[in-house]
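Here's the structure we're looking at; comments come further down.
Lettered A, B, C and D in written order, each chain numbered from 1.
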Amino acid sequence: MLNVRETKIFSKKIKLRNPILIVGLPGIGNVGSLVVQYLIQQLGAKEFATLYSPHLPYFVVALDDGGFRLVSDRFYYYKNKDKSGSDLVLLIGDYQPATSEGQYDVNDQIVKFFKSIGGKVVYTIGGYASGDNKYVTNPRVFGVSADKKLRKELEKHNVIFGAIPNLSIIGAAGLVVAFAKMHGLPAACLMGETGMLDVDANASKKVLEVLSKILKIDIDLKDITKLQTETEKLVKELQEAAADTASKQASNPNYIK
Amino acid sequence: MLNVRETKIFSKKIKLRNPILIVGLPGIGNVGSLVVQYLIQQLGAKEFATLYSPHLPYFVVALDDGGFRLVSDRFYYYKNKDKSGSDLVLLIGDYQPATSEGQYDVNDQIVKFFKSIGGKVVYTIGGYASGDNKYVTNPRVFGVSADKKLRKELEKHNVIFGAIPNLSIIGAAGLVVAFAKMHGLPAACLMGETGMLDVDANASKKVLEVLSKILKIDIDLKDITKLQTETEKLVKELQEAAADTASKQASNPNYIK
Amino acid sequence: MLNVRETKIFSKKIKLRNPILIVGLPGIGNVGSLVVQYLIQQLGAKEFATLYSPHLPYFVVALDDGGFRLVSDRFYYYKNKDKSGSDLVLLIGDYQPATSEGQYDVNDQIVKFFKSIGGKVVYTIGGYASGDNKYVTNPRVFGVSADKKLRKELEKHNVIFGAIPNLSIIGAAGLVVAFAKMHGLPAACLMGETGMLDVDANASKKVLEVLSKILKIDIDLKDITKLQTETEKLVKELQEAAADTASKQASNPNYIK
Amino acid sequence: MLNVRETKIFSKKIKLRNPILIVGLPGIGNVGSLVVQYLIQQLGAKEFATLYSPHLPYFVVALDDGGFRLVSDRFYYYKNKDKSGSDLVLLIGDYQPATSEGQYDVNDQIVKFFKSIGGKVVYTIGGYASGDNKYVTNPRVFGVSADKKLRKELEKHNVIFGAIPNLSIIGAAGLVVAFAKMHGLPAACLMGETGMLDVDANASKKVLEVLSKILKIDIDLKDITKLQTETEKLVKELQEAAADTASKQASNPNYIK
């Protein structure tokens, strides 16, 4: 009988060629979520597995059609059109667990499941908050990996390693890479530099550019560029409004008591 | 030997005809609790099972006769007088668990227990807080269900589906419906629209009207109408007192320093 | 090999005659702790068992001799000199668990252990905070019990039952009584009325008077009376100082800005 | 298959002579961490085992070379050059667990692992915060031990026992000593007196002096003395700046509004 008191992954049977996992779970600037959701849309990836866990928040999310979804992580696959290339497994989700025990359990299951379907390489996507909470116009992409070969390849595409002392990488972005290493899988975490925004299209775009190159998959960046432009317009308007208020206050000290 | 370190349901042996479960545990506006307590009283339903769990708060509640009750969920049954109709299982409780692990465990046990006694359909009752924290004069009833047939039937009785984007349904109201679906049971969550009140008789009445129709059980709404009228009188008095204070303040800016 | 990842009770072998358990763990006004510590001292009870649990706070307490004690609950026994009377098991401890799961686990173990050594009746001692946070000059003793016979006997000694609607009894004082009932043991919770104080000797004395009668054991109340008198002197001084300050403020509105 | 859902210690095979464990995990004034890290550096100790646990915080720490480390505890060994002396096992780590269950689990595993490699004696190092949050110029070393022989020996080197009533020793510093005792290993906790500082070189130096004597191992204190001198210079500058500000404020009440 079905038992939802343990973390479980329900999967369709599927055959993938040397699959590469890309993890984009909620986190800083939602860079991971946005990047992987964008890949799913642009590549037309198909859902094939769902992870349920008692460590995820205890609610369901109502859907537009009147149905609902239990809070979950969802796996998609993309079959590479280039027959010499690797297939992709794309992972998105609603939330991350709030406890250490939950994080270890869920992320361990993710790595084991990926390995059980023949997984070869793992990338986790995250955001790096530069700290001053300002919009980052020219975001860098930072990386972390225990695999020297992977590091070298990523450095060719301007991913920066070892630059931020004592950087902590929280949740799936860090743990999945650590657990992948324990299971002998090459793995890297890629972090787009971000600040101020809840959802940062600019940082996400920079990560997508790196992914496009290392995966050798053509990704149309038109839509994310549009989102980035709109965000930047909004940021500019907010900044001008703030500057305006500041100047009014400066010329009239009583403007705000 | 008895062990209270796990969630357990202690039940009398009982035979029910195609039972329908109605879950009314504490939550928003206490709509669920009030609806199911009202059904128990009006139908004269009888207690037959108790759920204890280490995930529920760690205390006992003193009773009027000098005895006490360990915090628990309690199942009641109602044998339908119409021999072609379904019997009811009514679930109320003192509290809901505070952790994800506890919520998953307790709600999983509820669904499995109901299935083990031949359960056929599940309704959970909850409240939907419209957000502006005002008394809702004309509450709507919102629904969520993965079962198209059930959705259609409920829509006939003015239950609204798919209207609130990204609505999260927290605790038993959401999880029991999700777990019921996993166990192959048709299930729906019904939410009365509510605001401001701790216990909303108006929202509860609207849900009772829907239940009366879909269950084809005659429910006397006199007592809940009385409670609703009293609540509305109180709400009106509070609003007038607030308006009075506001007008006094407006005419005399020094009324409150 | 020893394993401290589970709640465990380490006990000397001991033979007791119809033992009665009295539980005095930390809680409101520390009435429970003070009552049972007093009994241990006055009766010269001997320690015979220790409960360790990963649900108790994670530290050790340094002792005067340079040694230490792992945070624990400790069982003492008292052999009744009256050969027709019952022996006592007295339980004190440093802390109570902070989670529901921990409370259920630890209190379940306490009841099972007591049953395993032939336990017959259980009393838990607690405080009842009357709510207005004032020193209670004439504390009442409130009781809760599912056992009618025990209730009647306690009422003879002025223990009040059923007087406080919806009273919640938190932690061991409530759970041990509930679990004892599940294991078929007569049990009652006795609560001394208290307010304002961290350690209330007056409430404790009143509970000791009740215990002395129902246990038919002579308890010398001299020391607790002394403590009560000292406390009341201190309370009086504090009240006079507060009244003095208030009167100074009243006569000079600028005394405190 | 590897499983990171439980606390586990991965160790190289190693043969040690009557090893003594010295635990220096993060805590008050980081005295423990600093002392044991200093020992590792000065003695050129080699890492041989790693403890991973789902009770540790859920992140990885980026390393300078572009790699990373899963949050962990790490064991080092030092082979005593004096053939009649004992070898050392030195334990450092990134964090301590945040829950009681985690603390009990991790510290239990540490003691069992040390016992399994032939461990003989245990010292945990901590800080004792004197409470007034001032820099302690002449820190004392306080001790706690259930082993009378060990206590006597430590007292010869000016470790003070039984001086602080009701002192609570939190986390590994306390639990490892308690669990070692349960496993029949002589154990003591040594606490350097500290205040104000996040990392207290002065308190650490005093503990190192004690360790040097009881371990009969020559430890070069030059580097820690340098760190202590630098810290004290900084403390002095901060105090002078504070005094300066205070005197300016005193002579000009409007200096700070």
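The rule is simple: a residue touches a chain if its C-beta (ideal position, glycine included) is under 8 Å from a C-beta of that chain, and two chains touch if they have at least 3 such contacts.
This structure is a prediction, so every number in the text was calculated from the model and none was measured.
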Find out how few touching-chain steps suffice to connect chain B with chain D.
-> 2
Rounded to the nearest 5 degrees, what is the angle of the rotation that puts chain C onto chain D, matching CA atoms?
-> 90
Farthest chain from chain C, comparing Cα centres?
-> A
At the interface of chain A with chain B, does the proportion of residue numbers present on both copies reach over half, so same, or stay under half, so different?
-> different
Chain A to chain D, mean C-alpha position gap in Å, rounds to 38
Cα centre of chain A to Cα centre of chain C, whole Å, reads 53
Scan chain D for residues touching two or more other chains and write them down.
-> none
How is the touch graph of the chains shaped: line, ring, star, complete or other?
-> ring
Touching chain A in the complex: which residues of chain D?
-> 1-5, 54-68, 70, 97-98, 102
Touching residues (chain side chain D, partner chain C) in the complex = 100-101, 103-105, 108, 112, 143-146, 151, 161-162, 164-171, 174-175, 177-179, 182-183, 189
